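Following are the structures in question.
Both complexes shown next keep chain A, but they swap its partner, so chain B is in the first and chain C is in the second.
Right after this comes the complex of A and B.
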């Protein structure tokens, strides 16, 4: 199996390796904070993050439940992240600041770039490797497979792939680690994993 | 490894509406940055590199304008081929249209105006997007997924972005002076650059060979550059390794050089650590402003023009060393043979990217 671990989360559940691990009550104001408390992790930077980065971070904590990420050298994992609406929530925040509240805030503006989340993960994991953020119409496994193929062709040991969406309609995260096994990619395995 | 050739397709900036017009302006060292009254959050008059002739729908108009030269350079057999991919590099796309969808206009324009066959890929990775997109284009060709990949780097000046950079105290109240002792920050700019990467030679005038590229994260801070230049050092070293070339074959470095205190300082340290600080270098932000997602592509086009015409353009705005490590900044236009160029970029999110091109002799 080349997919090592996966984690899916949204406002109602945390799923690791396709198994329901935790049901989020939804009683609290922010389900992400509730999930953060569930992990009992102390990482103060979490509270400053925007929704996209928070979700990506919570996804990594999910992955770490079953997988030791410190086995990878600091440059041998490529991060491939994408979504449809870019940094919509943070964009709204910054937009409302100057259109309605007559203020501008550096900490709000910084998160109006979706790749800040991969920066946050790089800081947390101390990973200096390659990473890129893409805007796609939908979660598209074929796109990830192409990017994984490119990363493996350069000798990367693994890819951390993510789809993370935070819009007015929904908040969703899918994140998975896939390891390089002789540069071969078993597409069928990946398709069936996400069926 | 499979050869990948790169050439320019279109360039629209405040300095001109074509590659030739931009080249002519660069030769005379004019800046596209001008004071725009009442452009700041509190009515400040920020210097900006805005295209005067565009008055509304800046993003879609700019994109449409850039396709005119693209269509004149490459025929439909390439643009509409099943084996051609478009990669778009942009940070905020049509942000003036926010809160409506800001990215969908890209595909609408490309499908309707060019009749493209494959769904474009959008890279949105802050200020290194352009270099990442070119690197990705080469990867797609090397893996024989496509024969031609066209990279469009584009961003516009918007209230959204001006207010943001103003909140960071990152804007300069005079034209940006990258690497200079008196630098105060960035001048925002807008523009679009289009390059074509291919396994074939598609342009009758000029080609460079794309040698290799890479990227690396600082793993240090989401908005401040690393004090040690670690990510940029790693990216440059990896690009050199993948390229299998000696440092002393590089004739010119097209640096990022935004004009902020911390970014330019970081770059000087990274170039010193990689022992590249004696190679002639410039930043083009004094000409085009900082065009964000377009910058890497626009600056790669100018690097190709330097190779084609054997001109090193003055690093506009620089006059006195203003970084801990001394760099070899180009103080006036120089004319000599340029065969090998290193292009670098750094940006928010801790990203750093680089690539190497070598002139392809006709």
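Right after this comes the complex of A and C.
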């Protein structure tokens, strides 16, 4: 299996390797805070992150439930992330605070780029290799496969791929680790995994 | 002065989203930057905003920031010295 681990999460559930691990009660104001508490993790920086970075971080904690990510050297993994609405939610929040409330917040401003989340993961995982964030119309496995093939052709040992969306309509994350097996990708296996 | 320090601690927690801390967790002479509180360069900018929005104070010389933001004690002393 070239996909080592996957994690899906949203406001109602945490799913790891296609198995329901936790149902979110919704008792807290923010479901992401509830999930953070579920992991019993002490990482104060979490509280400063914007919704996109929080979800990506929670996804990594899900991956770590079953996979030891320390086996990868920092330059052996490519991070390939994407979503549809970029950092629009954080952009809007910053714009509203700045223009209507005259509130200036450097920490709000710093999250007005979606790829900040890959930086947050890089800091947490101590992976300082290649990472990228794309804006796509929808979750597109073929796009990821294309990017993974490029990364593997450059000798990367694995790719950490993610789709992370935070809009007023929904918040969803899909994140998975796929390992390089002789530069070959079994597309059918990937398609069936995400059916 | 002690009232100012307690107020400052509450403002720091709110402005910097230090949800894991309470006012009692921050000591007056504790270094604000370093390993203990985990503050970073963005937080330093938040301090500048905090001083300006809550106390109307601007830091004219950025190189002074390191000393001013060293601890709650130094922050309070700066405010006391420069308030109208």
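We adopt the following convention: the second predicted complex is superposed on the first by the 195 of 195 C-alpha atoms of A that agree within 3 Å, B and C clash if a C-alpha of one lies under 4 Å from a C-alpha of the other, contacts with A are read in each partner's own complex, and residues count from 1 in each chain.
Keep this in mind: a residue touches a chain if its C-beta (ideal position, glycine included) is under 8 Å from a C-beta of that chain, and two chains touch if they have at least 3 such contacts.
If you're wondering where the values come from, they're calculated on a predicted model, not measured in any experiment.
Contact with chain B, but none with chain C, is seen for A:74 once the two complexes are overlaid on the shared chain. With both structures placed on the common chain, the touch criterion links A:42 to chain C but leaves chain B unconnected. Comparing chain B with chain C, more residues of chain A are touched by B. In the superposition on chain A, A:10 makes contact with neither chain B nor chain C. In the superposed model, A:94 makes contact with chain B only, not with chain C. Contacts of A:104 after superposition: both chain B and chain C are touched. By the document's definition of touching, of the two partners only chain B reaches A:115; chain C does not. Overlap of the chain B and chain C interfaces on chain A: residues 104-106, 110. Contact residues of chain A toward chain B in the complex are 74-75, 85-86, 88, 91-92, 94-95, 98, 104-106, 108-110, 112-116, 118-120, 122-123, 125-137, 143, 146, 149-150, 153-154. Touching chain A in their complex are the following residues of chain B: 41, 91-92, 95, 98-99, 101-103, 119, 121-126, 132, 136, 139-140, 142-143, 145, 159-160, 163-169, 214-223, 230-231, 234, 238, 242, 348-351. Partner chain C is touched in their complex by these residues of chain A: 42, 44-45, 47-48, 103-107, 110. Contacts from chain C toward chain A in the complex involve residues 16-21, 37-38, 42-43, 45-46, 49, 53.
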